[in-house]
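Below are two complexes that have chain A in common, paired first with chain B and then with chain C.
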Partner chain A sequence: MSFLPAGTQRYPHRLFAGNGEGAGWLLPLAAGIAMAGVLFMVLMIVVSALPALGQSGGGSPFTLEWQPYQGRFGILPMLAGSLALALFAIMLGFPVAFGVCAWLLAVGEGRRLLACGLRGVIRFMTAIPTVVYGFAAVFLLAPLIREGVGGTGMCLLTAGLVLALLIVPTMVLVLEAGFLPRMEALCPGGLALGFSRLELFTLFVVRGGRSVLVNAALLGFGRAVGDTLIGLMLAGNSPQFPGGLLESLRTLTAHMAMATANEVGGAAHLSLFAAGFLLLVLNIGISLAVRRIGGPKR
Partner chain B sequence: MPSAAVDLQRTGMTDLAIIFYFFQEDGMKRLGLLVLSVLFAASASYAEDPALAPFNGASGTVAIAGGTAHIPVMKGAAQNIMKYNAKVRVTVAGGGSGVGVQKVGEGLVQIGNTGRALKPGEIEKYGLVTHPFAIDGVAVVVHPENPVTALSKAQLKDVFAGKITDWSQLGGKAGTIALYVREDGSGTRETFEERALDKGTSSPAANVVNSNGAMKTAVAQDKNAIGYVGIGHLDNSTKGVSIDGMVPSQKNAADGSYTVTRLLYMNTKGQPEGLTKAFIDYIYSPSGSEIIRKSGYIPTGRK
Partner chain C sequence: MNRVLRHAVLYGMMWASVLVVLGGVGTLTGYVVLRGAPALGGALFFGDAPPLAAILGEAPVWEGIWPACAGTICLVGLTMALALFPGIGCGIYLAEFASGAAARRIRTALDILAGTPSIVMGLSGFALILLLRRTILPQANTSLLLAAGCLALLVLPVLVSVTCEALESLPQELRLTALALGFTRRQMAWKVLLPAAGRGIMGGVVLAVGRAAEDTAVIMLTGVVANAGLPAGISETFEALPFTVFYTAAQYQTQDELMRGFGAALVLLALAALLLALARLLDAGARHRWRRGGSV
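Up next, the complex of A and B:
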């Protein structure tokens, strides 16, 4: 099955010819469609969310109680759930990612094979679908937490651990890409002055690269907030404020996934757009923050 | 050869819905079954059935989506029909009752299934016609090793409201009760809360799962769990609990002695015509009833 005209498959470069002859319009068209798509999506969500956002009193989305049959559509517990889960995952995942990156750049140089293997694993991990992590954790990690720590096993701790695993590769890749050029620039001279690679890394590379650190953390956070299945499968999904590591919580994304399967029209449906709006605001915020911090220096 | 995923997408499911479809029930096994039965039609020997006569010489597609409880029935019927006439394609997708209403209302599928009666607003908005065809009971389930075998409705209400929190209060081994409920809008949850809790509600602290399969997985793993599934989903992995002396079983649900029950509905936009009508007639035929019984429900016949 092919969507391309016959012949273009054999010479795919012709389709995107950059020499201005013939098919050069395809790229701007594709870019235009993509941008228009994003723009219309934002517009659609904002417009759809307005009726729900304008609600006041018990039916407002910015309340603490989700009881659709009693007319209460508060999604603040889910917002708190999303933030708590993502922050917890970052707290667990960031130090790990930083450690892996430091090892790769400062120590792993002497152990080529091991470093190569680790890089391969990290790259491979970015390609694993989240549903695979979720499925494995339902049968392996959740019972372990239930028996070993307590609770039902469907909780902040379980979901946070798996989510941390999910975002570590993203953060490692960002950190490494940010630090590697600095490391390479410093290395010959620094080593000649008697610094070890680890000293160069901790004393100079990291100190001067705060924006890289923040960038990695923000991207990891964005990925964690946006993930649906880990929360849905492992966090328990109770529509309540996250109360502790072993308490069940519901994320905004899981909430939307569960409610879209069953609600058509009505206030519960509308409140989903409010939830989508909040997610969008959160992600745009992160995106802007990343640009502000990471942009000018690059 | 088209893949199962492509086929599901044709019915208009979102990526997420497809993932849930695979996650629910018994996951990959179901995917395998779907591919085998819906696309290639199994090869078991098969006698001429008068109920299939309307499909003779017909061609076209019937798309079905909605309630997950309906899937085994729809798939069974689809398999027989497509085996009889390969030019007829029947696609079956899940998604839940709400998806069923929405999809059929917006003309994305010909039949939208619900595990609850249509709301007046839904009938009015989309002009839907409803076709009840089976009775499904909802059974309270606990871990197989749990010594508790019977509960009163009053106890159930207190358990699900979060007032009774330890199994020792119910005559079981000490341990904090782990509540599992279905998501808002689930037909199973609605039936349970209306018929077993007398319109009571569940504690917001309860864990929420989004399919019968996920419920069975959760309860089968957790020694202190209590939850509920469609009676058709009762098996050795969990243990059914009697309510006020009513033992959950297909038989008791059929003769009315077990009252935590609901009807399963097919819904069409306007009166069904052509292939859609033929499909619905087939569900009401003796062969259809046989499929319904095999799927763990009780056929109601046409009303």
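Up next, the complex of A and C:
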């Protein structure tokens, strides 16, 4: 005779054998597929890039010139372009993200409605398709730069401005997630001692939270380096070393998008995989660094 | 005095940052809305073709974005079909069953995946096609299935982390009660925790749909083209909404095409906003359900 209601027998799922304390086979299978996907991606890139990495001489991807019709497939200008654009975007975007986070924590408390709206906008920004940013900037910002500052409008400055806006929400969210618990812990006591919220934030929360700042900058940088569309649509795409704010440049990501589109063939494909490999290594490095510092809490 | 001055400067900087962000986003999205709104309407989607016939694929659409919309719908559907099981399954495994070492390894792998630029995922698909061409399938080509597979990689970290979070944010009492009632861990996971976390997980699925619908870089390397018509099969090339927007910016010839580009951008933006709102709604519902009376 059983006192258990129906449906609580010990082994209701035919899928599972065993004592019911382990995971069965379905979930490990799902996890296995997911891990296989990650492994597949990394392996595909590394294996495809190996021939390019081993190549030396004029056709090697790690040279200074991209002249596909003369057999020169150097991608170093694009690497420099990616780094220059991402660093520029971080230089513009990080202070802004920091300012927004400081505002949310120090000022926003007294302006609930605006703070709520701002948080909503930041959330919305994470969802805005990159291509829409790029599209709007091509027809709005680029002509503005062309007429107001000079050049063609398709340059480091234009792409950097939009890219900075693109990475701001990422950084704000990381900064806020890192600083909010510290701020909350300090607040009642600190306010009672006569500190203002802003003082608490600048004197204690930020001082003790360097790792949060570094994390936010690293994740923002990763996002900026990995972005394809902004560079492709707004930076002009000349395969040259970045020369100045109004000069055109080509990022690694944009280079990859272009090199597959214009089927140049064998050696160009090699340089493509070398570019992919560089990006992958760069971003794995960033991910591991963020993890080591103690990344965004899960 | 020094303190007052410093505060004034800090306040100025904070307000400036807030205004710059709001202004920048407001200007760019407002511009798309302003220029795109006049283009909205049946003609934007179907051109001159009769809408019903166009949707059913009986009449070809020459001057409309319907083929691109249909391509995106198929692409997202196929992506989710591929990604849901590994994504949610891996999330449940990670939250409920994985041992410490295994969980750490899985999280590291997913962190790496989440940090990988989307174009690199597209490149891995492109590499697969080159490999297949050289070995067993000389006629292999980029296609809808390949793009969906690469997009599945892109949304995988989102699905796993949201599933994991939804399960971990459930109240501890729920687990204690279930175990005290004699559930095994597996029964608890399937019969109690999973239904309880359902809305939170749905929110994550909607977010993932948004990511898959907006990404352009992955599909650029894996089979999107400018003129394919309605998607013809999973081994064929296809059109997609974000690529249409990109392509218009680069290649538009006439003012009509430009108008359609703005219309497509607005549709994409509205889609993103809608999906985000839906995700927030589901998430808020999930939180509300487990909140106790009084405390937050």
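Here, the second predicted complex is superposed on the first by the 265 of 298 C-alpha atoms of A that agree within 3 Å, B and C clash if a C-alpha of one lies under 4 Å from a C-alpha of the other, contacts with A are read in each partner's own complex, and residues count from 1 in each chain.
Everything below uses one rule, namely that contacts are C-beta pairs under 8 Å (C-beta built on N, C-alpha and C of every residue); 3 or more make two chains touch, one makes a residue touch a chain.
Here the structure is a predicted model, which means the values were calculated and not measured.
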Comparing the two partners chain B and chain C, which touches a greater set of residues in chain A: C
Chain B versus chain C as contact partner of A:Met154, first or second or both or neither: first
Touching partner for A:Ala257 - first (chain B), second (chain C), both, neither: both
Which of chain B and chain C A:Thr228 touches, first, second, both or neither: both
First, second, both or neither for A:Leu175, with chain B first and chain C second: neither
Partner chain(s) touched by A:Phe273 [first = chain B, second = chain C, both, neither]: second
Touched partner set for A:Ile90, first chain B, second chain C, both or neither: neither
Partner chain in contact with A:Gln67 - chain B first, chain C second, else both or neither: first
Touched partner set for A:Asn237, first chain B, second chain C, both or neither: first
First, second, both or neither for A:Arg146, with chain B first and chain C second: first
Chain C-contacting residues of chain A that also contact chain B: 131, 135, 138-139, 228-229, 232-233, 257, 260-261
Chain B residues within the chain A interface of the complex: 16-17, 19-20, 23, 27, 95-99, 101-102, 105, 121-122, 125, 178, 183-186, 201, 204-210, 217-218, 221-222, 224-225
List of chain A residues in touch with chain B within their complex: 65-70, 131, 135, 138-139, 142-143, 146, 152-154, 228-229, 232-233, 236-240, 247-248, 250, 257-266, 268
Touching residues on chain A, where the partner in the complex is chain C: 4, 8, 10, 12-13, 16, 19-24, 26-31, 33-35, 37-42, 44-45, 47-48, 95-100, 102-103, 106-107, 118, 121-125, 127-141, 162, 165, 168, 196, 198, 202, 219, 222, 225-229, 232-233, 253, 256-257, 260-261, 269, 272-273, 276, 279-280, 283-284, 286-288, 290-291, 295, 298
Chain C to chain A touching residues, read off their complex: 7, 10-11, 13-18, 20-22, 24-25, 27-29, 31-32, 35, 85-90, 92-94, 96-98, 106-121, 123-124, 126-128, 130-131, 152-153, 156, 160-161, 164-165, 168, 181-187, 190-191, 210, 213-214, 216-217, 220-221, 242, 245-246, 248-250, 261-262, 265, 268-269, 272-273, 275-276, 280
